[in-house]
């Protein structure tokens, strides 16, 4: 009896809790707080935060591997997050399904009306690669222990695209996945704070007031053919980006083709919601103290912020260049939307534009570079996967 | 030709059917009948009943294991229920997902308005532990072959909570899972028959007529913080209950936080419905004649009934005690709702209360102990899992 | 640097693409075109087409198997379609879940009002077995390399029922699955072109103008009991058809019983949509050039067309016979609906009937044989699985 | 499951025997198969008829009024299903709205 | 996890010792279990009370007006949930419809 | 997949060679990466432009009238999508309700 009581006490969290776990539970709660109170990408950060809390409960076994006997029968079942992580994230299934759903939610119309904005989506990816160099420098300096694969995975934070970041990190640097996902979603939520100062610093008030021409209407047929064109170009030039962009375009085709509305509806709602819940819990499972509480995480968080800033700056600068070269006026602010972070970055461009000229609505024009940024960062991801191997 | 005809005949159910399978198919049909005609928890008992019918069709192979060759290629695929049972129930995934959905459907408001009702949710769990003793006595008497793990799994029927019962049984006594799940859901459906006589026997008409004070309004913030508090307490005191209560609180947090409505909606609808269908078929797969047609099942069914009765009685008695000790009046009937069986038990309390005083609406007051009972039985489940091991 | 550039070039599709892959991508695009532009069963042919495109992108690895190290840890994750195919199609799970959803969408009312139409659903399955003989003849002739299992799987195209065809093919001839599924769904879409000439050739204008008596109303109870009766008969006579018909009847029971509306709704919408997306991608994964670009595919496509034609003809002839023998008039056109292809074939019968007599609405009467055809082809599938083994 | 005759298994031998075996098996499958399909559906006709008679005699019921199920069915394939719940909610909301509107 | 006493593991021996061990274990489970359930829920009562006081004192808030949550809850179990979104859409549509209707 | 240079693989050696190899690889990744991203998107610009011209010339079409897609899109991210079906049902229900109400 007394010994049972003792073992029950030894089973409690109070007895078992390590300091690192305590800190990680607090970090999980911080993410939950940011999600609920500050509205930081709550669809992801809430499940990630709870996932971080659960995985750090000592003795709860959320990441416990199942145990089988010699005949292959299960003797102890695994934990919930073990199955989620190994079934859906390590395999890449969840990010790809989410990307399909995002594709089904994306309207390429504004981009098709003005395809040149794709260049802005390309320029803003400079944040990704600049960050790779930053991570490599930290690695070679001996301060932090980053390999090239780690550096590439960290750089992708600059893509400002959650599923892409998770997909790349799960392949190139699984042990950094938690920190990378948290950084990516946090900074995506912080876009309204990070971007405006950079945008204002790099543009004059006249430039910010530039009115752009009304976008031409885009026909249904263009919208249907476009995802197929992207898929074929990816197949030709960059097969390593085909999982991401292929699923994205599949989702978009379901949306635009008009004959599979029930599938498109499910991809945009029930399916993406289910997978989002599990993706969040699975990403949270990588927020263990060993993987998160180290100097590398600080490096990742700093580099992520730098990546966003450089991406924003290079988007704006490219837009300034295009404005000089083009016969049609281009407001440099829409370049900042090229980092993706759909639709937050486009709204930020619209808002900063309204400050300069309260009759200048840039939202529609900024949606073009915004969705172009999604393609751009998926292409960058493909290059990295191909270059670094896996 | 003739030999083919013969083998075709040998493949028929008529040729292969054993008596036990015939009886189990009849039991499956009985469950379907109870679900449809009597409205016994149809969401679960209908799939369980059909699952029992399907698994007992001789030669249909619903529980057949897949066969692989030496290279690991599948030569014969497994049966549907094999994959469901081993993928979703043995691993504990399905009960946990359902518990998340139930959390997203639960309003803790009435309980937060009157937290003392948590005591009622505690008292009513006495049914669980009394039943454990009952099962142990049957085991020691030599009448039936129950180990301590079996006894614990049988006791949890008294928790009046389906997913908890399935989760515990799948870990402690998988071979009894079918009978335990059937008993748990059947008695939950029978709450309107089982509880009222006990409630009337233990209370006077005056007691049943006690009016309770209007509940105070509960702020949104309290509802948001509460699931986090529960999760942290579980993490501190009883990690073995963390899978159940962590997922339950996660679902409830999604409901209350107000920023992830689409996730909460999916957890309450598409996701829980999908998992309910498969959970039912999977539980039904354990209703094979070997596992069900024996003396132990009789013991389980009797003990389950006793568990419900003792739980109801102890809830009512605790409420009487609290009424005596408290300055605010407490109607003893709401104690019966502490067994969980949400929201059936609360409705029963309301109905019995209306019989005594037709202006006395107890529903709101009974919802507090009712949801407290869910927490109580999950805590009891955690203690059992920790005590008995797995 | 230059060597990296070279390897990046070697990774491109341009460098790696084989001619067979190019052809298969074109065939995938053709399916997408037929789905969108011609409305050929778009819910399936769109995902199948995209699946065919994706699986044939060289180096994209959509069908790559995961690689594990000696300790069982994953070193390289598998491709999306690998997991879908081996998890959902090879195991038979996806066709069975879809069949459950189709059951939940099916109204047996018109068939119950006139059960004799079940004979039409039987007669139209002659297309299946005649095609088996055709495939066997092609096999024995040495022209094509078909075993008995292959022949059976090809024959099932004549069942005009997608999930049944996929289920049978995945068990009897997985390497032919792609061609069989494409043939089945394409011809189902072509029913309005294939059937009318045959129907007109075999009937006189008077026969096509026959008015049928109003169907009797069918009570709710009959609709509830019917799926149970079918399940029990299958259990008695043909357990090998129990997976298909058991799930179909389970879905139908959820629909009709009226007490599990939320499960029925999910089975008909979110769940079937999710599984349809993945089923399509998984079937598309079998459209590789090795499996598709050979003489056998031509045989399959021709035999499938023959199967549909023979099935239509035998349905019409049986209806003519029944019209002669029965006291109640039977329009021979409704016999053509016995091939299944719900609800397309019933609409075709209605349309051809309206040509002959513009006040003669046969739709309701054709729905009986139409759903009977679903049962008929599932029974035929069961016989094949039992006869050929697996 | 029926075990396959040895000769069908080595179809690669392609001897005349194997061919004949394959053809014979195919014919057997056709005859048994069609026979079984008819047998099963005839049994089902009788079972259904018996079921309906039984229900009408012993559990008579008001039939669903105004039933034209085939048309309903062919629609329900297209449209999402949660129809009735939807409509009832809509009706509740409308009733409320109209009352408000009236009382203005 | 607590390791099981050796005697409970061989319940098949069914010696008197084993039986007594099983019974003893069962009683232990009952006492520890009920004790723990009460302990946990009492702690939860205090934690909840503390939480509510804390929130009311430091983060006072307009409470949800007209709250009768239990009734809402018991309904929400039955009905599909996307209630509020639904209703807002419905209300928008109704407002539009009524305006149209008025302006006829 | 490109095989990693041997020196990047043993980053644990941390010799100057390895560091230089890592930095070189990083620079290579940056140049190739940005180059490829631009190349791909420029190709995509031309492909898209060609596609649009081709469609407008050979398959002219009434464009979607009144298109302001970005705004629609930014909403559709927030709101559940089954919008149009919903609204049409709502409108049907409202029409019915208003007729009833009128005829009272």
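Labels A, B, C, D, E and F are assigned to the chains in the order they are written; within every chain, residues are numbered from 1.
As a convention for this text, contacts are C-beta pairs under 8 Å (C-beta built on N, C-alpha and C of every residue); 3 or more make two chains touch, one makes a residue touch a chain.
Keep in mind that what you see is a predicted model, and the values were worked out from it rather than measured.
Separation of subunit C from subunit E in touch steps, taking the shortest path, is 2. Set against the C-alpha centre of subunit B, every other chain centre is closer than that of F. At the interface between subunit B and subunit C, under half of the residue numbers involved are used by both copies, so each side presents largely different positions. Repeated interface: A-F and one of B-D, C-F or C-D share more than half of their contact pairs by residue number, and that pair is C-D. Centre-to-centre spacing of subunit A and subunit B amounts to 39 Å, using the average Cα coordinate of each chain. For the pair subunit A and subunit E, the distance between mean C-alpha positions equals 34 Å.
Residue positions of subunit F touching 2 or more other chains, listed in rising order: 1-2, 28, 32, 36, 80, 82, 85, 90, 94, 98. Within subunit C, residues 4, 8, 11, 237-238, 240, 262, 265, 269-270, 383, 386-387, 390 each touch two or more of the remaining chains.
Of all residues in subunit A, only 105-107, 109-110, 112, 115-116, 118-119, 121-122, 125-126, 128-130, 132-133, 135-137, 139-140, 142, 145, 147-148, 151-152, 217-222, 225-226, 229-230, 233, 237-238, 240, 261, 264-265, 268-269, 342-343, 346-347, 363-368, 372, 375-376, 379-380, 383-390 touch subunit F in the complex they form. By the touch criterion given at the top, residues 1-2, 28, 31-32, 36 of subunit D touch subunit B in their complex.
Partner subunit B is touched in their complex by these residues of subunit E: 1-4, 8, 11, 14, 19-20, 22-23, 25-30, 32-34, 36-45, 47-49, 51-52, 55-56, 59, 61-65, 67-74, 76-77, 80-82, 85. Contact residues on subunit A toward subunit C in their complex (touch as defined above): 86, 90-93, 96, 100, 170-171, 224, 228, 231-232, 234-240, 242-243, 246-247, 250, 253-254, 257-260, 262-263, 265-267, 270-271, 383, 386-387, 390. Residue ranges on subunit C touching subunit F, taken from their complex, read 1, 4-5, 7-8, 11.
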